[in-house]
Each structure stands twice: as structure tokens, then as C-alpha cells.
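What follows is a pair of complexes built around chain A, which joins chain B in one and chain C in the other.
Let's look at the complex of A and B:
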């Protein structure tokens, strides 16, 4: 008995937190998704079984929203990971006194409150003479309307890239200096050293950042909400989580449908779990966890 | 395989901010010679080696390989092989691909890569484990793989940065002999960095002794042992280290406190008298001394004795073993095996 008690004791704080902050909301969401709870039925909601899910599937815009989500996640992810990697490599190749301030600069968007950050973007993308982008390009347009996807991806990417940058930078710094020396003596150029030594050694952090950011992008919508609110026009940049939010908490017509929104959120949880399992498989999770580093008695 | 070429360092120095890691170093290494850089940790050995390899740019001075000035060149244009203290094998590659790495970069055809890697690996006795990753082989095997990677491109200059210091004592001895044999067979010019004086004396044709970024002496092991240029070299080369007694030379002897040693033709003035533990003996008529410590070293016994307030280490054959606390006589050797240094530590005799 004691044999099993100790490991459980060690794991119990984390388990409690997960139960409280993950399982409880998920279960609540799923329960909610089987009801018709909305502004009109707020007093006496009733069980409606799978009706919300049927409505979801019948929604003519579901496909567009799904594709929007895939596009948003894939492109932002590519920017985040690619730019993060590029920044980490560039700032690691120059002396620290230049690299460190440059990295700090890239962290600024992350420490700004999203509302302020988006406000700056809106200013940048406005018509001339207000908008810097219009001034620079010499074409006066509201770029938020003209190129909403680019705006959404860049605004997210400029925040998101710094995460990869930090992880990759510390991973590059963890590579022993002598490996770089060895590569130089062996005849490698800087680019060959990056390609044949550094990148293979970053495989794990790259996978980690990709997995982590996929999940966080699937569920995050605050920058889109503030920047375009799913627009311009009809669902141009509306993604899954934003749609769930709109349905459940902020319907245009004042009638918020908690039940339907919860159904969308529940589907998103399933997608998230599937994606996680997929990544865990690539991570070769079994191999990573098979041997405990210390033995517990 | 091509023969090694001479290496010449001229006024070489390296600063890191305020630290002067290497100070105006002049040194010539003959073609095919094995030279050891010997000195305590932090004295600038690795920095010098990295300047020769081309990793560090010298602050001043020049590096020549033969007649070619190489210090402005990138490492890949210098034709050097290097073994790092940590071996620096690429952890994501098999031993085969580690050794093949320099050849792959030179776009050597695959068949030739295979042949050369296999040949070099066989030479070093790791031909059968080439499919393993570095983490899956022992320290000794990693060291051989690192050596194979350095040798596979048949460099003219081989640089070894403490290649043996991470090995078990037993393997270290055989690896010493093996590196020496390979180096002589291949005729490559080699520089071996070490802080282990026994290793330097055993392996090198000549030894450069460093202290705090400065070259102290550059000579054959015999000269280093018999005629150290200063008290630093005297104390660093030889094990157990030379006894160095501070005192005054009086023309006909040496005086330190109560201790008086007659030496015909001694210099005059303040200075240091050096005498190696193996040149001291215990016996009748010696200077009366008290035994403090007796330390059996296997074949020999190390005795620490106090003579008139001066502590001396004496190395004795194993069968001579005095009692700790007992009284003995310490006998000083002939003038020829003594060493005289002036106040600043510079050697002043005997000639």
C-alpha cells in the first residue's frame, strides 16, 4: 500500500490543480452543451441532447470557420516558429551586447497589454496621414480592411515569435561552445554549422514550441477579437474559438446561446486533445518517460 | 599521408577584456615534432591552441605553418585537426558520421569517405562500433572517435587539448603510448596541451611550460628536469615537486635559519636552493631531522621531514621506511644535482 501511496502523494497537488482548472470546466462545458441555455431560457433551461451539435453541423458557415481556423493556426505557427528560430540564431551569432538588447526589443509586444498593443497596430494600419504603413507604402488604405489576414497573422506573430525565440536561444546557449569550435575546425561554414549541428540539436525544442503554440493558437482569439472582431465583412477572420465566444458570450443580436457556444468549445477540446496525442506520438513520449531519473521509495 | 609542417608563433598574445590570457609568445615547433604545452589550469594553454586552430583571432602577433602565414585564415583553410578536452563529438550523429563529418564537408565521394573512415577507425580500434551514438560508448572510445575525426582528413597539424584528462588512470597510460605511436607513424606535427607534467614528459619531444600566460621554458624533458630555468618550472616539473628552500647563498654554502649546507663554489646573495626529493637521502652524518609524515607510494616511500625549521620531502626506496616522529639524518647531494635560483626565482647555477 505504502508503495503506491508515496507516488500519489507526490502527484496529488498537480492532479488537484488539473482537476480544478481543466476537468471541471471541460465537464461543465460538455454538460452545458447538452442544454438550450440562452438569454431567453435563462430561468429554466432544459436538456436537449445532441441538438446543439446538430445545429452546429447544419451551420452553413461552419466549414469557412474551420478553414479559417486551420489557416490562422498554420500560418501564425509558421511565422512564430520560423521567426523565433531566425531571431534566436541571429542574436546568438552576434556578440551578446548586441543580441541581448535586440531580443529584449522583441519581448516588448509580449509585455504590452493586448488592448494597447492592438491599438498600436490599428494606428499603424490606418489611412494616411495617421497610418505609418500607408505613409511608407505610399498607398493610403485602411490595411486592416485591405489585408485583414496579414494583419491578424503579423499582430499575433510579433507577440508569438518571442516565445520560440526565448526557448531556442536558451537551447542554443546550452550547446557546448566546443561543438561550434569542432565544426569550424572540421571545415564547416557558419551556415553549415547551423544546418548540420545546431538545427538537429534543436529538434526537441522546435517540436515543443510547435506543439505548445498549436494548442495555444487554437484557443486564443483575443488579438483577432480586438483587431477585426472576425471581420471585415462576413466571418472573414472568424476562427473557431472566436465563434464560440461570439455565440456564448457576445452575440450581435443580444441573444447569447450558451449551449451552442459550449458545443463549439467542446469540439475544440476534442480537437486539442487529438492534436496533443499526435504531438506526443512524434515526441516519442514513451521513450521520454520510461525511465524515472530518481527512484522513490 | 603527408608529413607535418613546422609551426611558428611570433609575438602571439591574446586579451579578453582586461585579462591578458597569452603574453607575447614566441615559439617554433619542428615538422613532425610533438610539443607539449604544460602549465596549471588558466595559464593560457587552450587559448594558445585555439589561436593556432583559428578559433580565436590573436590580439597581436602571427602564426605560421611553414612559410604560410595562417592567422588571418578561417579554421577550414588551415589544415588542422583538433581533439577537444570534452571531445566535442556531435551527439546527434553516429561515430561513423562524426568521423566522416570533415570529409562530408569537403564533398569527398561517398565510397572514399567510407574507406577512409573505416581505415582510421580500425587504426584506433573502434571500427566495430561506428553505428553507435557518442552517448552509447565509453569515455575511452569517445576519445578515440574524437582522435579519428581529427586524423581522418590527414591534417598537417594536430592539436590535442587535454585529450587524456577525462580518462581512467589505466586507459590514460595506454592512450598516451598510442597517441605517441600514431603521431610518429603519421609524422604529423602535434601540440599536446596538458596540466599533467608526467604526461608531458612521457610523450613530448619538447615541452613548453607556461605560467599566467607567459612561456617559462621551452626545452626537452631532460633539460626541464635537470636544468629548470626558474623556481616555477622547478616546482612544476617533477613529482613529487622539487624542494625549494628560501635563504642566503654565502659563496661556500647556503644558509636558511639554523640550516647550513656547505656547497663549494656556491653563489652569493639571497635566493633559493632547490633539491629534488629523489636526490635527498637519509643516513648517518646527515642534518638532524624529525620525521613528520611517511607516505608509501608503492615502489617508493615519501618522507616529510623537518630540518632546522625547514620542511623537506625525501623520496626513498620502498625498503627504507622510518618511523613517523623519529629522528633521522637528511643527507644533501653533490653540487651537480642541486639548483641555485636568485631572489627573483631565476636560475643562477650550477652551470
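Let's look at the complex of A and C:
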């Protein structure tokens, strides 16, 4: 019994937090999704079983919203991970006195409050003479409306890239110097060093950043909400989590559908689990966390 | 001796003061336009008057108001109110649009009936009778009308002159719209001519609001649609009328009269282009006049500039000889069910129903008064000249599911305008969405 006590003590705070802030909301969301809870039924909700899920399947716009979500996650993820990796490599190749300030600059979008950050984007993308992009391109357009996906992906991407940049930079710095010396002695070019030494050793951080960012993008919608609110036009940039929010908490005259919104959120939980398992499989998670066959002292 | 009396009086006064209770009433109000701050200021003035009366009556309590005026937007405000209702933290008084919110919130049990209170106080008797319909749900009064408005079709007189219209022809335009002689198609033709002759830029022949709102329901009705069936109490979606409306929108976009990205959600851009004098026709609200006057054209001459450059009329009919239309979305003060001071809150609302306060709000915010006595008090030219639009007004149906109906219609408008689907497909999309969201509560015709 005593042998279980120490692990139990160490694990219990984290377990409690996970139960409180992760597990309980998921269970509550799933329970809500089986009710007809809305503004008008809030005081007397009824148990409706799978009806909300049937309603979702009958929604003629669900396919469009699903495809929007896939597009948003895939393109933003590619930008986040790719740009994060590029920034980490470039800033690691130059002396720290240049690399560190440059990385600090890339952190600015992350530390800005989203509303202020989006306000800046709206200003940049406005029509001339206010909009900088219109001025630079010489074409006066409301670019947020003319190219909404580009705006959404870049606005999210500039925030997301800094996360990957930090993780990859610390991983690159953790690579033993000897490996770089050995590569140099063997006459490897910079590109060959990156490809043959650095990238293989970044597999675990890349898996982590990719998996984390995928799940984060699936559920985050605040920048889309503030930039386009799912528009312009007909569900142009409406993604799954934003649709769930609109159904559950936003409706022009306030008759919101909590039950239906919860059903959408519950589906998102399932998608998140499936995607996580997929990543663990393709990145061969077991091999990544297994005991090393050779220990170097 | 005198000093003794003075001390006694002071002690008695102090004793009364200490014995006097203060009852705090909380009130949440919204513009979101800045000039509508009088929705809160009038409540504050009413508290002062109520306290003065309480002092005369020798009451052992006074009223204190903790008020809030929201200038963000309807969506976050209504979410805040809803969450407050659900958590039992709602203020005593909430101001919001009467229709359909009274239907929604009364069905949910969040707001208290005020039928008895509105009969008790004489000040309520002067309210325009038609406005009581907007605050009545299933035979019970659930709110007190705060203001009303109309949503005119504005036109830029300067641009029409550039197009060759005489002053007489411009001044005659509202009458022609009233008689059904100038329709939506005529407006489209004039705007197209203005575009072809270089009087306006592409897309600036006609502007409507940049995001969801009650106006889309109004335009659907202007094209002959009905939204409510009195006999069954169900909502209605008229596919033919919707097709007429959507087809007009597509024609306007294709002709370069209406921007394809008009639904950009940006009110500032709407007001900027309108008050820069770039837009020929634009649908707005009477309250926009106050916003333009105080915020957008203040440096150009304020209201004088507006009278010189802008005219207004009802929204046109869709066919010759048809009836024009506008929509009123009266605001109402409501008392929350959770309030422990419902009677006092209702009494306070009786003190807001004063012609001077009603006039102050109407003139300052560009809304229309709710009391008959107010009209004689205010000499405001805009209020006087725009009030005739109420002859053509309509209201949103007081049905708890109307928000879903409205959202579905808006999806259709956004789909057509952005060019993503044809008008025919958009009608099918809206009908399908209404069937999904409203089930047996909507009749698709």
C-alpha cells in the first residue's frame, strides 16, 4: 500500500485539476447536448435524447462548416508549425544578441490582448487612405472582406507561430554541441546539418506542437469572431467552434439554443480525441517515449 | 431657548436621517448609439423626482439608482442580460427591444407582468395606444414603452442634383414613394444611372446596414412578405416574396449599385461613406440622424448640413401603387422577475413617463416620443417632419422563436449578396433552415 502512496500524492493535484477543469466540463457538455435547453426552456429543460444530434445531421450547412473547419485548421497549422520552425532555425543560426530580440518581436502578437490585436489588423486591412495594405498595394479595398481567409489565417498564424518558435528554439539549444562539431568535421553544409542533424532530433517537439496546435485551432474561434464573425456573406469563415458559440450564446434577439450548441461542442470533443490518436500513431509516440537503446555519458 | 430648539430640531432631523433606509434599484440600459444615454439619464432624473415626492410624503426610505449604459453592441449586451437572468443576478430594470424580446423573456419567466401597475399610474395613460401592443404578450403587459423609431430610406439630395434632378423633383420624392409611384426597381434604375454617369462610385448606389438586424425583416415585408399568421399564432415564410427580395438584391449587386461585401459588419464604414456624401440611397434609422449630427458631420455644419444634403422617406413598395413601409422596434423598460422591489421599480417607471424627459430623449437621440403630450413640447424639426413615417410602420411579431426566423432570413440575404448562391437557391436554403430550427412553428408558403 505504501508503495502507491507516494505516486498517489504526486499525481493527485494534477488529477484533481484535470477532473475539475477538463473532465467535468466534457461530461456537462455531453449531458447538456441531450436536453432542449434554450432561453425559453431554461427553467424547465426536457431530456430529448439524441434529437440535437439528429438536428445537426439534418442541418444543410453542416458540411460547409465542417469543410471550413478543416481548411482553417490545416492552413493555419501549416503556417504555425512551418513558420515556427523557420523562425527557430533562422534565429538559432545567428548570434544570440540578434536572435533573441527578433524572437521577442515575434512574441508581441501573443502578448497583445486579442481585441487590440484584431483592431490593428482591421486598421491594416481597411480601405485607403486608412488601410496600410491598400496603400502599399495601390488597390483600395476592404481586404478583410476581399480576402477573409487570408486575413483569418495570417492573424491566427502570427500568434501561433511564436509558440512553435519558442519550443523549437529550446529543442535546438538542447541538442549536444558535439553533434554540430561532428557534422562540421564531416564537411556538412548548413542545410545538410539542419536536415540530417537538427530536424530528426526535433521529431518530438514537432509532434507536440502539431498536436497541441491542432486541438487548439479546433476549439479556438476568438480571432475569427472578432475579425469576420463567420462572414462576410454566407458562412464564409464560420468554423465548427464558432457555430457552436453562435448557437449556444449568440443570437441577435437572444433566443439561444444551449442544447444544440452543446451537441456541436460534444462532436468537437470526439473529433479532438480521434485527431490526437491519429497523431500519436503517425508520429510513433511509443518509440519516441521509449527507453533509449544507447545511453551516452 | 432658541439654541435648545435648534439642537432638538437637529437631533430629530438626524434621527430621521439615520432611520431612513436607502433602497437601491439596479438598471441596465443600452444605446448602443451614444446619444441614447438619456435611456439611463431619464431614469436618474426620475429617481430624483421620486425621492422628492417621498420626502413630501414623509416616507422612511429613499431610492438610489445603480445604472449602467452599454455602448458596445446588442449581441454582448443581450448575452450579459441573459446570463444575469439565468444566474439570478439580473438588475431590477432592464431596457431592451420590446419585440420579440418580451415574447422570449416572458415565455422564459424572466420578466414580470406589469398590467396592474400600468393601470395604476396616470402617467402611463398618455402613451400612444399602438405602442402597448408592442409590449403585450398573451394579454399581459410586460414592459413600459421607452421610445420608438422609424427606419427611413434616406437619399442624398446633392447627388440627385448632380444627376440632373431639380429641387422640386427631389422634394417630391417622398410623396412619390408614399403614393407607390417610386418603387425599389425605380430606385435601382436611378442608382444605376448615377453610376453610369460617374456621379457615384461603384457599390455606393444603395447602402443597407452592415450586419444582422430587424431591417431585413422589414425589407422582406416591403417585397410583399408576411411573417406571422394571427389565426394560428405561427410564423410564416413566404417564398415568393423572399424570391422577389433576393432577386432585387442580386440585380443591385450585379448592376454595381450595391456592394457585394455590404455585410461587412462595419458600422463606421457605413457612417463614414454616407456622411462623406458618397452614397445615393441608404436605409437607416431615425436615431442615425442624431448620430450623424453629433458625431459625423459636426464639423461640417451639424444638422444644417444634414438638412441641406439628406432627405428621407418610407421604404418604397415593390410594385407600382403598392404601400411603402417602415419598421418600428420600440424600446421598453422591463422589470425582472427576480427583483425584490418590483412595485417600486414600476413606480419609478411611472416617473420616467414625463413629457419633458420623453422630449429630451427624443430630441437628443433621434428617436420618436412615446407620449402624446411630448409632441407639443418639442419644437424639433426632425422629430416633427419624420414622425409621419409612423403611419407606415410595422412591428416584429411577438413570437418567442422569431429570432431564429430572422437569423435564417439573414443567412439568405448574406448568401445572395455575396454571390454564393442564386436567389432561388437562397430561398430553398432559408426555408430549409427555418424548417430545421422552427419545426412546426413556421408555415412555409
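Following the convention adopted for this analysis, the second predicted complex is superposed on the first by the 275 of 297 C-alpha atoms of A that agree within 3 Å, B and C clash if a C-alpha of one lies under 4 Å from a C-alpha of the other, contacts with A are read in each partner's own complex, and residues count from 1 in each chain.
To be clear about the criterion, a residue touches a chain if its C-beta (ideal position, glycine included) is under 8 Å from a C-beta of that chain, and two chains touch if they have at least 3 such contacts.
Not measured: the values here are computed from a predicted model.
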Putting chain B and chain C onto chain A via the overlay, clash or fit?
fit
Go through the superposed model and pick first if A:232 touches only chain B, second if only chain C, both, or neither.
second
Examine A:274 and indicate which partner it touches, taking first as chain B and second as chain C; both and neither are also allowed.
neither
Which of the two partners, first being chain B and second being chain C, lies in contact with A:142: first, second, both, or neither?
second
Would you check which partner chain A:201 touches, where first means chain B only, second means chain C only, and both and neither mean what they say?
first
Scan A:28 for contacts with chain B and chain C and give back first, second, both or neither.
neither
Taking the C-alpha centre of chain A as the vertex, compute the angle to the C-alpha centres of chain B and chain C, in steps of 10 degrees.
150
Which partner chains sit in contact with A:43 here, chain B, chain C, both or neither? Use first/second/both/neither.
second
I'd like to know which partner A:184 touches here: chain B for first, chain C for second, both or neither.
first
Which of chain B and chain C A:176 touches, first, second, both or neither:
first
How far apart, in whole Å, are the nearest Cα atoms of chain B and chain C in the superposition?
51
Which bits of chain B are touching chain A when the two form their complex?
50, 53-55, 74-76, 80-82, 84-86, 88-93, 101-102, 105-106, 149-150, 153
Residue numbers on chain C that touch chain A, as the complex places them:
74-75, 78-79, 81-82, 85-86, 97, 100-101, 104-105, 107-109, 211-213, 261, 263-266, 269, 400-404, 406-407, 410-411, 414-415, 417-421, 429, 432-433, 436
Listed in rising order, the residues of chain A that touch chain C in the complex are 39-43, 55, 58-61, 126-127, 142, 144-146, 228-229, 231-236, 249-256
Would you tell me which residues of chain A are touching chain B in their complex?
176, 178-179, 181-189, 192, 196-197, 200-201, 203
